[in-house]
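Heads up, there are several structures right after this.
After this come two complexes, each holding subunit A, first together with subunit B and then together with subunit C.
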Partner chain A sequence: MNLFIRTKKRLSRFLSAFLKKRQSRIGIYGPPNAGKTTLSNRIVRDWTGDALGPVSEIPHETRRARRKEGITISNQNGNSLTLDIVDTPGVTTKIDYQEFVEYGIEKEEAIKRAREATEGVAEAMHWLREDIDGVIYMLDATLDPFTQVNIMLVGIIESRDLPVLIVANKIDLPDAAPQRIMKAFPQHPVIAISGLEGDNMEELYEHMLKVFG
Partner chain B sequence: MEKIRLILDDVMEGNIVVLEKGLSPEEQSRLIEMTMMEISPDGFSGIEMETYSAREGQSSPGFFGKLLGKKGPGARMTVIGPANQMKTIKKDKDLISAWVSSR
Partner chain C sequence: MPHKCTQCGREFTDGSTVILKGCPSCGGKKFLYVKVQDIHKDVLEEKTIGQIAEETKQQFLEIREEKSRNGSGKEQPRPRSIEMYDRIESITVLNPGTYELNIEKLAESDELVVRMGSDDKYLVDIHSMGMSGKKKKDRSRK
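On to the complex of A and B.
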């Protein structure tokens, strides 16, 4: 009898491990200073009370991808979704340590930051090809969205058939024009938010449930 | 990978590479990744890149094309150069313009 129960338990553990789909990994991508870490922190704080990483006006403050696992978001209708949030370094095609020096950082530290940033961007690009199940693409709504990096990255995401939500961030600023982003990427849902102030986060969560659920 | 290596080696030597048919999204992704790995202090600082999209004015893949998995025309012409020499690349409707310093 004991042998029968043990075998049954083992079989059930094996089957559940085999059939259980791992949680979706949602990467927050975008150019530097779009507000990716601010949004990641807000999502993580809203649903777990925790935070992911420090934010700064200096580009490439996030130089290593940070991951928070098992975040469950839900709505009033009882729909819920558990996912891992991956905050990634801002994607760019060039990094010069002089950029950090201009922000008053010592040369040695600036070189170190630049090296970390290049490694972080390379890692983020690799993950996008191998390890990400969905993307929140963050854009600063005060800036022109028609940049080579934005067009290229959205193209890369589309080519991998990953579900994508485009976020027009910083709508609390007077120059914000989320309509420009909506016009630039009409093929994708665009949600206008302020990650800093927490404006329109409910709509973002609703869309996350729809797009990544 | 060899194609990306070839482009990057050329750009690192200070050349501007013009690709008639552009790069696939996969190649673009690898180009960014490899570019990041080549950046060094006071040396190579990355690339500037601009693509002239073929979306406008070109026919879509059509019903049968879509059935066969074709995703429509991709990028047409792509210009890639060293970031420290190509300070600005601008794109107007039919024109890509670059400011190149010959250091």
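On to the complex of A and C.
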């Protein structure tokens, strides 16, 4: 199996070098704990059988952008699209190590985490400048979408003229209100999903083909 | 306790730093501390904030300009509250382990690699900043 994957990777690298065509790179952005890694893992698992990174209820678990290259998604009509998925650290305006201490992490480790998370956000924002071709903006549907970070970040993405798909995640929870997100961002397509349960993923893939294709 | 602008009645949460520059709605400089249970009293009982102040005998909180504060024995003027997007720094170290990030600045800056040093100084890869001269021009135009 491993040999097969390795050969496949080598072949695809050879082909992409030969064709010199870069796959579009889709960044999954959003505030911490919106479910970005859960969604990236699901997308990667659905189409390659792999996983991207560990998921945790502690915010800022993802402190470095993680990338999975060459994911081909397709629908029943035979349309397909190959892209790279980039899972980014949660974007926020303030990172405090106390937040981690509350989750029972030792002070020193918490400070280290806060530092790494800060670097991660800086890196993710920089990626947005030139390395990202499209954005899946991920929101927790149980929370109010009108936050400074969301409005600012969607504004930045719009100013870069990047195609955006807004995902209202966690619809498996009883107090999820994806309508609120649809009202907040009427200018963009909003897809309500549960990354954890895998609800409505078909619609998301369909929209990904449309928006990023 | 939350406070209210005496001119327009806008509410501010306790410890709100926004009011240090005056009320963002009307520019008013006088605020009144109001008890949480009385927060809607002015509207419900159709009173002005001034009347409520008389009733509750609370002192007004008045925002004065920097100059007048200097005379009061304190040598160092208090730093003014600056809106997030006006800040020059993309990352502000508040305390070791506590950081404030200016997302807009980070998105437009040329600094590719930022690394937080162990003493909370942050290191920037100058080489990566020199790479895209074109974009720097764009930024200065702004």
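We take it that the second predicted complex is superposed on the first by the 193 of 213 C-alpha atoms of A that agree within 3 Å, B and C clash if a C-alpha of one lies under 4 Å from a C-alpha of the other, contacts with A are read in each partner's own complex, and residues count from 1 in each chain.
Convention: contacts are C-beta pairs under 8 Å (C-beta built on N, C-alpha and C of every residue); 3 or more make two chains touch, one makes a residue touch a chain.
Bear in mind that the values here come from a model prediction, so they are computed numbers and not experimental data.
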After the overlay on subunit A, what do you see for subunit B versus subunit C, clash or fit?
clash
With both complexes overlaid on chain A, does A:I151 touch subunit B (first), subunit C (second), both or neither?
first
After superposition on the shared chain, which partner residues are touched by A:R129: those of subunit B (first), subunit C (second), both, or neither?
both
Is A:Y29 in contact with subunit B, with subunit C, with both, or with neither (first, second, both, neither)?
neither
Return first, second, both or neither, reflecting whether A:Y205 touches subunit B, subunit C, both chains, or no partner chain.
neither
For A:F185, decide between first (touching subunit B), second (touching subunit C), both and neither.
neither
Which partner chains sit in contact with A:T93 here, subunit B, subunit C, both or neither? Use first/second/both/neither.
both
In the superposed model, only one of 57-65, 93-101 or 129-137 in subunit C has C-alpha atoms clashing with subunit B. Which one?
93-101
Output the subunit A positions appearing in both contact lists, the one against subunit B and the one against subunit C.
91-97, 111, 114-115, 118-119, 121-122, 125-126, 128-129, 148, 152, 156
Contacting residues of subunit A [partner subunit C, same complex]
91-98, 110-111, 114-116, 118-119, 121-123, 125-126, 128-129, 148-149, 152-153, 156
Looking at the complex, which residues from subunit C come into contact with subunit A?
84, 90-91, 96-104, 106-109, 111-116, 120, 135
Within their complex, subunit B touches subunit A through residues 24-26, 28-30, 32-37, 39, 41, 45-51, 53, 71, 75, 83-84, 89
Subunit A contacts subunit B in the complex at 91-97, 111, 114-115, 118-119, 121-122, 125-126, 128-129, 148, 151-152, 155-156, 158-160
